[in-house]
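Shared between the two complexes below is subunit A, which pairs with subunit B and subunit C, respectively.
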Partner chain A sequence: MKLEVGYIDIKGIRFGDYNAVEDGILIVNPEPLLEPVLEDPLIKSAHFEIATPGESIRITPVKDVIEPRVKVEGGGGVFPGMVSKVDTVGSGKTHVLRGMAVVTAGPIVGFQEGIIDMTGVGADYTPFSKLHNLVLVMEPVEDFKQHEYEAAARLAGLRTAAAIGELARELVPDETVVYETPTIAESFKEEWKDLPRVGYVMMLQSQGLLHDTYVYGVDAKRTLSTLISATEVMDGAIVSGNCVSACDKNTTYHHQNNPVIHDLLAVHGKKINFVGTIITNENVYLDDKIRSSDWTSKMARYLSLDAAIITQEGFGNPDTDLIMNCTKLEKQGIKTVIITDEYAGQDGKSQSLADADELANAVVTGGNANEVVVLPPLDRVIGTLDYVDTVAGGHAGSLRPDGSIEAELQIITGSTNEMGFNRMSAR
Partner chain B sequence: MIIGELWRLTPGGEQETLHTSKFQIVTNNPMVAEALGERCHIVFLEHGSDRDVIETVRDLVHRHHRVLTAPLAGSVKPWETPYRSVMVSVSKGTAIDATSLELVEFALMVIGQSRERLETTKPSIDRDFQTVDLSLIESALPSVEAIGRI
Partner chain C sequence: MSKFKVVHYINQFFGQVGGEEMAHIPAEKRKGPVGPGLAFTKNFGDDAEIVATIVCGDSWFNENLELATETVLAMVKEESPDLFIAGPAFNAGRYGVACGTICDAVQTELGIPVLTGMYVENPGADMFRTKVLIVSTADSAAGMRRAVPAMAKLALKLVKGERIGASVEEGYIPDGVRRNFFDKKRGSTRALEMLLKKIAGEPFETEYPMPTFDRVPPMPAITDMTKATIAIVTSGGIVPKGNPDRIESSSASKYGSYNIEGVDDLTSETYETAHGGHDPVYANEDADRVIPVDVLRQYEKEGKIGKLHDWFYSTVGNGTAVASSKKYAAEIAEKLISYDVDAVVLTST
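After this line comes the complex of A and B, so read on.
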């Protein structure tokens, strides 16, 4: 598949009485954008706020981060099966509003939502502090069912991002990059025959109604491991639908900008032969874990891989899936590198993963989620601080009287991302 | 393989079948007990700890039942959530299932290593922990119910 991605750099966001992108500035008229959001009977109220890098702003609780994109040429539309109808994406031309994101905020599950600080120590730990954020703050009706409201909030974010992305349809990109993925036959061509055949195994969180990922609109836990083109992922074929801890949640933005995919494509045909991407799930049911990891290893063999990179989302019982995928590939002679994060205790001395195997001997860490940070008080809060004491990584007393927060890195959205999207690691 | 139907004697001495499900759930989560009690047998450990749940599962494994869902919490650390639910087969094998035993022993080790649970301050957060635990175990239902026997 061949996808031309046109990046339009966004340098600021402001409110106005029309919606447009002019000279790199996104102008937002909230009313027409909020109308479809408020049509959902589960959403009691919704409004937009703007957060600019360097401002003294704390956004919490964060649900998802989404990059606005629009399909300009080629089949399908962004977020197929969710916002656009189900149709194969990943070919043609896509425009991206780079340097900004739609952030959805508001309470869903009290202990699993995160913080984005736009300045200070906290800002260093999240990649999203560097973006111009249009924050969609939503409040549910009373007595809502969390999984139903999660779906409502998820769709509201994706629809808003798609509507903003639509503003970029006719714009001239600041930069254009062409991404191309080979067919299996092409991957065997003569000039690449001496390059190692490398695949990417992307594990998708799929443990339950509040721990799910959707592929072309399908709940990943109801799928078998399968192949997907890197360019399909860029067009929003995979979206986040979960409320796992903030630090290692793969937001929709992470999927759209998957760094493993981008880095592998950057060296494809030069250092390695990037043959393909396998997506597989992380289910609770043990036979599902066995079946999915068996299937992953069968597909890796089918693709004649020499090596694979495996990424994860979440922790605890997904560590079992991670180790199953790793060992089953290694036993077939396929070298693996795992990207994960650690829960090694505040002193870093405890066992990092909930599962382990001696074949998992090449691991890249995204950092220790238990590391303690103190976030200074900031001038303005978008959302609410009501949950700071109870989110993963926080505790009773986390929120101090002066507005500062003492908590573990778990609390910061994207801080220990298991795709390696952030800057923390260890040697 | 014998499917262990669960039954009780009525006051009139009749044998009444309670559940014919192929699985049972060991839990300390009242929301699971309430939501799934009509669908399968629930071993409800009211006010029990996560360790109590896993130890009860281990006892069942010693009696040749098989563990059907991952006993480690899913993306919620043991010291954060007080709730745990594990699905176990109703039927018994002829010997201890080695994989099941390995899983529960490993889960007990992880719980043993974890630090003391921090107090959550709000009843609404307690309900959220119950909801996520219920959601995790509910996600296994289509898989377990898709096959006629375990």
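After this line comes the complex of A and C, so read on.
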């Protein structure tokens, strides 16, 4: 598949009485954008706020982070099966509003929503502090079921991002990059025959009970491991629907900008032959784990891979899927590197993963999520501080009287990402 | 500000007493820096000074471990230093063991920061890496030029109480404590580079060496359930409504013990979950879904089991360190034994 991605750099966001992107500034007129959001009977109220890098702003509880994109040419629309109708994406042309995101926030769905600080220590740990954020703050009606409100809030975010992305349809990109993935036949062409055949195994959070990922609208826990083109992922074929701990949840933004995919494509045809991407789930039942990891290793063999990078989402229970995927590939002679993160305790002295195997001898870590950090008080809060003590990473007394927060890195959105999005590591 | 006071431990060779033929000499204390201590002094600048140097024969220390430790410890104590450094010992085995032993003793007995340096394959490194910080050095004294600045820099951080960075940043041998740091490249790029090395058969360094797991064989099965006392232990976070012990939703710092004498059924009015790792709706509707009090009570009435233990023990497994879990489990196990519990239903979520 061949996808031309046109990046339009966003340098600021301001409110106005129309919606447009002008000279790199996103102008937002809230009313028409909020109308479809408020149509959902579970959403009582919604409004937008703007957070700029460096501002003394704390956004919490953060649910998802989404990059506005629009399909300009080629089949389908962004977030197929969720916002656009189901149709294969990943070909043609897509425009991206780069340097910004739509962030969904407001009273919590579950216990696992996070914090984005736009300045201070906390900002160093989250990639989203570097973006111009249009924050969609929502409040649910009084009587709701968590999973129903999660679906409502998720859709509201995706719809809003799609609507903002639409504003970029006619714009001239600041930079255009062409991404191309081979068919299996093409992957065997003569000029690549000396390059190692490398695959990417992307594990999707699918433990259920608010830990879900959707592929073309399908709940990943009801899927078998399968193949997907890197360019389909860029068009929003995979979206986050989960409340796994904020630090290692793969937000929709992470999927759209998957760093493993970009790094592999950058050396494809030069140092490696990037043959394909396998997506596999992280279900809770042992039978599912065995079946999915078996299937992953079958596909890896079918693609005749020499090596693969495996990435994870979440921790604990999915550590078993990670180790199964890794060992089953290694036992077939496929060399692996896994990307994970650690729960080594606040003192860093505990064993980091819930499962281990000596075949997993090449590990990249996103850091110890239990490490404690003190976030300074910031001038403005977007959302509410009501849940800081109870979300994952917080403890009774996390929120101090002066507005500072003492909590584990777990609480910071994207801080220990397991796609290797960040520079943080541990030893 | 006055300088931090440092006591330095070196062997007979670096103390310029002699080589192997002088390894039998007992510990002696000299004023000020000696041998490598002079290089340390330079690197400490205005921040710290070596007030005394203890020179000791490697054989004497290792052959009289207890006496030697006591003797050297007493010499250190007399100086009331702020910091103790030993070596670097490079690949000298007995010297390395002496450095590790005396650093460990000083740290424990005197409560001051300590630091040593040695080659990663020095037997002292394996024995003491998780007890004292050991700067990684070359295998011979030719590495002195690089070892001293690295040790001096870390030593000053220790004595000033500054945060210690990860082993790759500070240059010490991994001590079993995981510390975060910002690498130069993002994780995906590090993964790709590691993979390329692995494919090419070149050496690569994993960022997390896999631990070996401690496997526990199961107890023999109970032969007569009708006489058995059964308890419930859970990491599913079930607590009396309101979470009286405020057990955290993730990375729990405690567990709770809750009395269920006379409780036949857990209801949404009386119990809930504190667990932050899943949608709580179903657990909150009926906590028996996580800990089957209702069924076990029924079994007790029908005589299928002897008794349901009067207490259940609960913590939150979500993001909770294995070391914490082990600690809670050890305490819970003692309670279970003291109540003559025969078997446990362990549930998780």
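The definition used in the following text is that the second predicted complex is superposed on the first by the 422 of 427 C-alpha atoms of A that agree within 3 Å, B and C clash if a C-alpha of one lies under 4 Å from a C-alpha of the other, contacts with A are read in each partner's own complex, and residues count from 1 in each chain.
Here, contacts are C-beta pairs under 8 Å (C-beta built on N, C-alpha and C of every residue); 3 or more make two chains touch, one makes a residue touch a chain.
This structure is a prediction, so every number in the text was calculated from the model and none was measured.
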| item | value |
| --- | --- |
| Combined model on subunit A: subunit C and subunit B, fit or clash | clash |
| First (subunit B), second (subunit C), both or neither touched by A:Gly236 | neither |
| Partner chain in contact with A:Phe315 - subunit B first, subunit C second, else both or neither | both |
| Touched partner set for A:Arg222, first subunit B, second subunit C, both or neither | first |
| Broader residue contact with subunit A after superposition on the shared chain, subunit B or subunit C | C |
| First (subunit B), second (subunit C), both or neither touched by A:Gln205 | first |
| Which superposed partner A:Leu286 touches (first subunit B, second subunit C, both, neither) | first |
| Which superposed partner A:Arg427 touches (first subunit B, second subunit C, both, neither) | second |
| First, second, both or neither for A:Tyr343, with subunit B first and subunit C second | both |
| Doubly contacted subunit A residues - partners subunit C and subunit B | 110-112, 146-147, 207-211, 244-245, 315-316, 343, 345, 350-351, 354, 390, 392, 395-396 |
| Subunit A partner contacts - residues on subunit C that touch it in the complex | 166-168, 174, 176-192, 194-196, 198-199, 204, 206-213, 246, 248-251, 253, 275-282, 317-324 |
| Of all residues in subunit A, those that touch subunit B in their complex | 109-112, 146-147, 205-211, 221-222, 243-245, 283-289, 314-320, 343, 345, 350-351, 354-355, 389-390, 392, 395-396 |
| Residue ranges of subunit B in contact with subunit A within the complex | 67-77, 80, 87, 99, 103, 106, 110, 113, 115, 118-122, 124-125, 128-129, 131-132, 135-140, 142-144 |
| List of subunit A residues in touch with subunit C within their complex | 110-112, 124, 145-147, 196, 198, 207-211, 244-245, 259-260, 262-264, 267, 271-272, 306-307, 309, 315-316, 335-337, 339-340, 342-354, 356-358, 360-371, 390-396, 408-410, 417-427 |
